[in-house]
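Below, each structure is written out as structure tokens.
After this come two complexes, each holding subunit A, first together with subunit B and then together with subunit C.
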Partner chain A sequence: MRIRTESGIGHTAVSLAGRFDAHETAAFRVVVDALFGPDQATVRLDLSNVVFVDSSALAELLRVQKAARAAGGEVVLVNVSDPVRIILELTELKQVFTLETTPQTASTLS
Partner chain B sequence: MTAALPHELIESDAADAALERLLVGAGARSIHKSPGPDWTISGPVSRDALDAVNEVRRAIHDIYAAQDEIAGALVRSQDDLLALRALTQVNVGTLGVFESFQDLLRESRDLTSSDVVALLDDRLMQSSGGRGADSAAFAELLLEAADVPGDLEPRLARGGHAVVAPLVTPGGGVRVLAFLRVAGPVYSTGDLRLIRAAVAAANMRFTLTRLHLLEIKRATFEREHEVASSLAQAVFSQPAPVLAGVDVFSDTLPASLAGGDFFAFAVVDGVIWFTVGDVAGKGLPAAMVMTRAVSAARVAFLTHPDDDAAGAMLAMGAELYDYLDDVGLFITVVIGAYRPATGILHLCNAGHSPVMLVRDGAITLVPASIPPLGVLPAPVGRTVRFDLDAGDALVLGSDGLAEQENPRGVMLGYDRLGEVCAELQGASAARLGHHILDAVTTHADGAPFSDDRTLVILRAVEMAR
Partner chain C sequence: MSAESGTYQAYRTWVTEKATVRPLISVVIPAYNEEWRILPTIGAIATHMCSRGEPWELIIADDGSTDTTVSLLEDLRFPNMTVLVAARNAGKGDAVRRGMLAARGDVILFADADQSTPIEQFDRLLDKINAGYDVVVGSRAADGATVSSKSALRKVLSRGLNLIVRGGFGISVSDTQCGFKLFTAPAARSLFTLQVIDGFSFDLEVIYLAGRLGLRTSEVPVEWIDAPGSTVDAAKVSLQFLADLARIKVRDLRGQYPVTAHSPAGRPAPSPHNLPRSDRTPR
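The block that comes next holds the complex of A and B.
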């Protein structure tokens, strides 16, 4: 899985591409945990190019969500791909996250 | 074993006889052969001729002396090679740690013609040697050896009669080989080369010992892992429950020794309670959580009426929430109760799939009403009711079925899994179960199972009158 981060004033966006499974959670954790700070509690995750998520990846997303909410922020899932959307619906985890759809331009990994 | 170097000139009878004939032919009447290299003669032989003969004799003697020196060096070299070979054999021929280092020190002592060789580190000191082992010089050398500089180069000590050679210490600390010649010659450059060979052998010995201990530790860990996995999987050792009016099939296969998938049953007052779940993650950590989930489910079975699957789910979720929150995991789970006498089935689904009702060759999905357990502190789900007829089957699986990939990376998928479940109308639960598992295996086409696979089927059957 490829992970790309973009930081702006007051927000940070992370774009993921590929399979997000148990083998990728450690690298994801290193990147995302480094983003949180006193002025940064909300993280936007672009999942438009994620082709698969497993339960370990979902657990990792939940962990980040809990950490973000504890800091007064949240995790926003942006442009979730169909495979991710189906899993979020099957598991009813879509109600745990804020899902957002935006025009896929710069946030899309090539 | 080292040959002594010749200190006197070596006579060459054949060459001297030839030179003597030359001098006699040139007019010498008598030849006085002195012990040294030069002869004196009487007779009409020129001084130049005598000098030339003596020059030839000296050259011949030098050649022979060099020949003997080379032979001596070859013998020494052969001795060193044998000692080096013995040093390396220490590594492969000895299993005991203490014995191997004793052998290594003894071979190092022979190789370097030392009186004592000692190994020191933070915890122990071993030495090999008789003469000199009790000397004051040895005691002083040990004190000096403990003061190791940063580099790993052997250094001369005690005026060249000792060498302190640090070894590699991956974990830090001090570890040195100390070589001592109490009264022998000082260590030469050649000796230092041999000492480096001894150091290399000692480093290799330590590396092999470390790897050996790591292997023992790994094997012990693996054995404990196997035992723990067996204990975890033992929750599935009970046979499927038997209750008139329902035909049950259950099977689970972890992707490794243990997994996070689970199922459990209980028959309570003419009702069969059941749960099927999947702990996020894989392997033994998930299995440890799984055993706790099974325990919580069994308690919930016994403490709720059969029309309150959501209540059982809430109790199970509340029991597990803090624990799951701490470990950062969640559990997808479905809980249900079926009363064959009435044909009424109650279900509550917390983030689990697939949950399918198969009726007359058609599939009805039972969606989740709440997220998996561990996400919400008080998971208030919804109980759904189905009235089953004989032949209807409830199929409960884990995501490892639909997400099984073939060698080209194509997943079986929930749609295809549903089609397979709808096949074999009228078949027993066991036959349908094996049909589904065979379809997954066929789809895998030799690709490894990347996730645990669990399948539970409850099929309503006519009750005996």
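The block that comes next holds the complex of A and C.
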């Protein structure tokens, strides 16, 4: 899986591409946890190019959501691909996250 | 959320409306205690198959799961998905056989529950069916395959067993055990009626029988990613595999595979218009 972050003034963009599974959760955790800060509790993840998420990845997303909410923010999933959307529905996790669609190709962490 | 894609709309139809026509494609997944992995796998398969735009069915062949796998699946109430519940854990081969014999599609894919071979590889196997093959084997050993995160132990065991299979059985397929194989319906009926191995060696038996029946078999390199959480003890399975090799050979030498009686009458010339499209345009 490719993880791309783009930092700008007041925001950081995070986008994932490929297969998000148990082999990728450690790298994901390192990147995302480093983005949290006193002024950044909401995580926005672009999942438009993610082709599969397994249960380990879902658990990791839940972990990040829990951490974000504890800090007063949330995880926003942006432009989720069809397979991710369907897997979120099947696992009844869709309602746990805020899903957004934007014309942008990358999402922001604000 | 935004406007729904064509694939998503097709998925919603698939999960809410019973198809009025016979499926062209059947996907069979054996499942033993897969409560942790089965839903993402179903999601991936449903996304891809619905994107193809052809009628398809999903068959989950439970293998006597003792966790919540069966209730999890039955609660979905998908009209085009069948859950075959087994009272006991008889083995992967038994589960696959029940699923394959229950399938109604013109082509039948058997795929492992862990999505270790991404479902998108199906299209490449189907190309071979449309080219006239009866059995198409996904392969981690063929030139062009990509294998990720496979343990050293499993690599050694696989290579060793492959050498034995090639030498002892004359099977040219380089990876008999990959859980991703596509069959025409007549081939599946013939092979899985003859299959007697209930354990993990059933793949080998099926490929061996395909050769004995004169079925055209092809091997297609696939992408394969090891999925953690396997319920398989590789060393134990390898020992059983060796025992099953001998069992298959002895059984055949004794004439206990009635291959003639179950041989396909002969496959008609390939007629791609009757088979699912392989040159599809993504929706």
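As a working rule, the second predicted complex is superposed on the first by the 99 of 110 C-alpha atoms of A that agree within 3 Å, B and C clash if a C-alpha of one lies under 4 Å from a C-alpha of the other, contacts with A are read in each partner's own complex, and residues count from 1 in each chain.
What we mean here is this: contacts are C-beta pairs under 8 Å (C-beta built on N, C-alpha and C of every residue); 3 or more make two chains touch, one makes a residue touch a chain.
Just so you know, these numbers come straight off a predicted model, no measurement behind them.
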- After superposition on the shared chain, which partner residues are touched by A:90: those of subunit B (first), subunit C (second), both, or neither? both
- Task: Figure out whether A:41 sits in contact with subunit B (first) or subunit C (second), or with both, or with neither.
- Result: neither
- Tell me which partner A:23 touches in the superposition: subunit B (first), subunit C (second), both or neither. second
- Of the two partner chains, subunit B (first) and subunit C (second), which one does A:99 touch, if any: first, second, both, or neither? second
- After lining up the shared chain so the two structures overlap, which partner does A:55 touch, if you call subunit B first and subunit C second: first, second, both or neither? both
- Answer with first, second, both or neither: which of subunit B and subunit C does A:63 touch in the superposed model? first
- Message: After superposing on the shared chain, does subunit C or subunit B touch more subunit A residues?
- Response: C
- In the superposed arrangement, does A:82 touch subunit B (first), subunit C (second), both or neither? second
- Task: Go through subunit A and flag every residue that touches subunit B in one model and subunit C in the other.
- Result: 22, 52, 54-56, 58, 86, 90-91
- Task: State the interface residues of subunit B toward subunit A in the complex, per the touch definition above.
- Result: 260, 278-282, 325, 328-330, 332, 350-353, 367-372, 375, 399, 403, 414, 451
- In their shared complex, at which residues does subunit A touch subunit B? 22, 52, 54-56, 58-59, 62-63, 66, 86, 90-93, 95-96
- Seen from subunit A, its contact residues with subunit C in the complex are 19, 21-23, 51-56, 58, 82-83, 85-87, 89-91, 99-101
- Where on subunit C does subunit A make contact in their complex? 1-2, 5, 7-8, 11, 36-37, 39-40, 42-44, 46-48, 51, 76, 115, 118, 120, 148-149, 225-229
